[in-house]
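Two complexes are shown next, each including chain A; its partner changes from chain B in the first to chain C in the second.
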Partner chain A sequence: MIEAQRLKRVYKVAVRDKGIKAAFKSLFQAKYTSVEAVKGIGFSIARGEIVALLGPNGAGKTTTLKMLAGLVHPSEGELAVNGFKPFKRDRSFLKSISLLMGNRKRLNWNLPVVDSFELYKELYDIPEQEYQSFLDELIELMDVAEIIQRPVRNLSLGQRMKCEIILSLLHKPQVLFLDEPTIGLDNIAQKNIRNFIKEYNKRYNATVIITSHNMDDIESLCKRVLIINRGELVYDGDMKRLTDLVSNEKRIVITCKDNPINMEQYGTVQSMEDGRIELLIERDRAVEIIPAIMTNPWVQDIDITNIPLTEIIERVYTYGLSYEPK
Partner chain B sequence: MRRYLKMYRAYAKQYYLGQLQYKFATYSWLVGKILEPLIYLILWREIAVQNHGQVNGMTTNDVIAYYIILMVVNQFTFTDLIWKFSAYVNSGEFSSNLLLPAHPIHKDIAENIGYKLFSLPVILAAAIITSFYFHVAYDFTFSQILLFIPVLMAAFLFRFLFEWTISLSSFWFINMKGISSLYYILILFFSGRVVPLSMFPEQLQTLVEYLPFRYMVSYPIEILVSPGSTIPMGGVVNMAVWIIIIVFILNLFYKTSVKRFMGEGI
Partner chain C sequence: MDLIKVLKSIVGINLLNELQYKGDFFIQFISVLLDFVLAILTVDIMFSQISALNQWNKVDILVLVGMYRIFVGIINVFTIPSLSALPGSVISGDFDYVLLTPVDSQFFTSMKEVRAWKLSDVILGLIFIIYIYATNELSFSLSNLIGALLMLICGGIIVACFYSIIASLSFWFNDVSNLLIIIPQCFEWAGKWPVTIFPGFLRILFTFLIPVGVAITLPTQALLNSINSSDVALTVGFCLLLILLSRIIWKMGVKRYSGASS
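Entry: the complex of A and B
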């Protein structure tokens, strides 16, 4: 479905020193530097997979997404999506994909939502009957029947996002690129959208590539993650394997009445103040350590959690896959 | 073909409906577009009257007819692409257009048609009222009208393609103000909007014959109103050559520009 080999994108960026003198000099002698946004990455994604494309700001994930969607021409490497070279922007290719950008609007701001749906029906040449039945289905799934006749400018962010998603799916794309699909939404709207993406993926066996800084999106939707850092692919694999690789620990938060002593015997103390101790223990030894802690008379409450995905990803960004707990 | 017609109709309809939301802004803008030729009409009519009813081979009636037809032709071929296109590219809106299953030029052409459907009835009404007010006599022959219609269509297409090509510079320059100001000054003077080209000095007339701007506004008017009532047929060849050149440049420039595009705004 998606095959990328040695994918590279280099940008030419103008640079100059500070000050008026340098600004004038640059008028006659412009200096440029090459920035390698993506440095020869490769991966393969099968039909029906939901894959997260993660990375810190400036890591190259959006450039990768733009190359996959055909917006940006790769400087080097091979890329095929659905059997097409994306950058050629073949009509059949464009009809088989959709790119939803959480911070971009495609609905016509001035007109009722349904007018934008009608426009896309014509652009994608969707037969009337097929359009109407699928639209009804999407309206029901997204629960937007009451708002589609209102002008877009009068909708809330969450309502607009739901309608943007419907617009992206009207032509039943086989590949869906989602860039921050839940940005700015409240928890209920986020959950609805995640459920909807899952349902669409299941029903149409669609491939979904998602970039998001919201780890709830990633945890809820993706089994596989691609992590890009400084233009390089640092991890490609199962989410569980990633967790095992960089977080062989459990986090324990203990509330206690006295000042306990010798907590280091159980694990790594991360913080200790006002009767609240945060402790990292080896996951494999949890069954032995937790009962031992609980036998202490000063323990009032104990809370045991896995390392949150946000922190796991932060560790990969900062230390790579060779993270050692301190 | 059917697909394109449906697509054009859908885009034009959307744009038309959008314009209805901003009626006051659009009609205020149109007042300016009516006033510009009207002011030149009054000035040149006065000059013709003081010059015993003739100015550079044009009668007072010709001068009035010229500016009234100019009002319609200029609106018919008008585009406001350059600044809009630049904003699209810099804000990232162009990325969305690139992802649609049609060349982005179709959207712009269709929206321009939508705008014309909204604005032309107003301009035509203004032209009819002005004609009655100044008692102008139109004495076109059937063959003049027969030639005028396709030339007007070609002028619209040419001006659109030319401005779309200039707009592609937005991929190369972030600020397009300089380029657009230069272009608007050139088209203002060399397309016959201020002064009919037949009133230019001889050497300048030869030059404008080879420049593209004449074929965007002046040439269709010249077919209906030309000194001595001789139809300047030679312009058809020049116009056709310009259209071929601009289609070639546009294609080449579009491919290199889009290859350079970094998908700003997302």
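Entry: the complex of A and C
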């Protein structure tokens, strides 16, 4: 479905020194520098997969997403999506994909939502009957029957995003590129969007590539993660394996009456204040350490969790896959 | 892809959009009417002092004023509003969505915004020309009418291509909005007069660089029966050349945009 080999993208970026003099000089004698946004990455994604594309700001993930969607031409390397070369932007290719950017809008602000849907039906040349039955299905899935007759400007952010998603799916794309699809939404709206993406993927065996800084999106939707940092692909694989690679710990939060116990003997104390101790212990020794802590009479409560995904990803961004717990 | 069907939908959605602002429609119509009356008064005052302007008499100039109104109406329905929005969408990155739509990007950008109420200029201009012809007992042949329509269509395409070339510069430079404002201002200033009255340099400027003359003077001359076949051939040739040029520049610009966005 998606094949990328040695994908590279170099940008020519204008640079100048600070100040008005330099600004004037740059009008006549502009200086440029080359920035390698993506440095020869490669991956393969099968039909029906939901894959997260993660990385810190400026890592190269949006450039990668735009190369996949055909908006940016790769400087080097091979790329095929659905058997097409994306940058040629064949009509058949454009009809088989959709790119949704959470911070951009396509719905007409002044008109009822359904008018924008009608326009896109014509732009994508969707037969009337197919359009109507699929729209009904999407409306039911998203539970938006009551709002599609209302002008977009009168909708909440969550309602608008639901309608934006419907708009980008009207032509039943086989590949869906989602760039921060839940940005700015409340928890309930985020959950609804995630459930909808899951359902669309299941029903139509669609391939979904998602970039998000919201780790709830990633945990809930993706089994596979691609992590890009400074233009390089630093990890491609299963989410569970990633957790095992950079975290062999469990986090224990102990509430106790006093702090008389020497916790250092069990693991790394991360914080200790007002009777609340946060401790990192080796996962393999958990069965031995936890009962030992619990037998202590001062302990009132104990809470055991895995290292949150946000922290796991942060470790990969900062230390790569060679993170060693202190 | 049926472009006419797509165009119909774009017109439809824009019409719905404009109906949201009915008051605005009324005010714009009053302003157009006032501008039109002022143009006629100017001609009237001028011809109270002179009898002809470079072989154009008062009636010819009044027909030209009507033609100007028709032409300005046509380019303001599609070309100007749509292409004027391009620099903003290139800066904001919204142009991404144009490239992702399975419709020719130049066609879609040139037709995206429709100001249907500007058709009132066209209707006003038509009524005025008919009135001038009727009150002055003038007549025109079918070939005059076909010639005028052909010149009007060529003029429309030439101006659309010219505007598209200027708008395409936004793929290279940060913002060309101000440059785009100059063009309608030139039309406003020079379009109400025959291009032949301008001195050499301005005549070349308003014929080839800012094609006011081709767009307004030639259709008027065709209707008044004073256009020759070499002018027609030259205009059609110029029109085809500009279509090709604007297409090439557009493609180069889109390639550059795709390279610049991240």
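Here are a few things to note about the model shown:
Here, the second predicted complex is superposed on the first by the 325 of 326 C-alpha atoms of A that agree within 3 Å, B and C clash if a C-alpha of one lies under 4 Å from a C-alpha of the other, contacts with A are read in each partner's own complex, and residues count from 1 in each chain.
In the analysis below, a residue touches a chain if its C-beta (ideal position, glycine included) is under 8 Å from a C-beta of that chain, and two chains touch if they have at least 3 such contacts.
For clarity, every value in this text was computed on a predicted model and none was experimentally measured.
Within the superposed three-chain model, A:Tyr124 lies in touch with chain B and with chain C [touch as defined at top]. Looking at the shared chain after the overlay, A:Asp179 reaches chain B, while chain C stays out of its contact range.
Residues 11, 62-63, 66, 69-73, 87, 89, 91, 94-95, 97-99, 101, 104, 106, 108, 110-111, 115-116, 118-119, 121-125 of chain A are contacted both by chain B in one complex and by chain C in the other.
Contacts from chain B toward chain A in the complex involve residues 3, 6-7, 9-11, 14, 17-18, 21-22, 92-93, 95-96, 98-102, 258-259, 261-263, 265-266. Across the interface of their complex, chain A is touched by residues 1-2, 5-6, 8-10, 12-13, 16-17, 20, 93-94, 96-97, 99-103, 255, 258-262 of chain C. Partner chain B is touched in their complex by these residues of chain A: 11, 62-63, 66, 69-73, 87, 89, 91, 94-95, 97-99, 101, 103-104, 106, 108, 110-111, 115-116, 118-119, 121-125, 179.
Within the complex formed with chain C, the residues of chain A that make contact are 11, 37, 62-63, 66, 69-73, 87, 89, 91, 94-95, 97-99, 101, 104, 106, 108, 110-111, 115-116, 118-119, 121-125.
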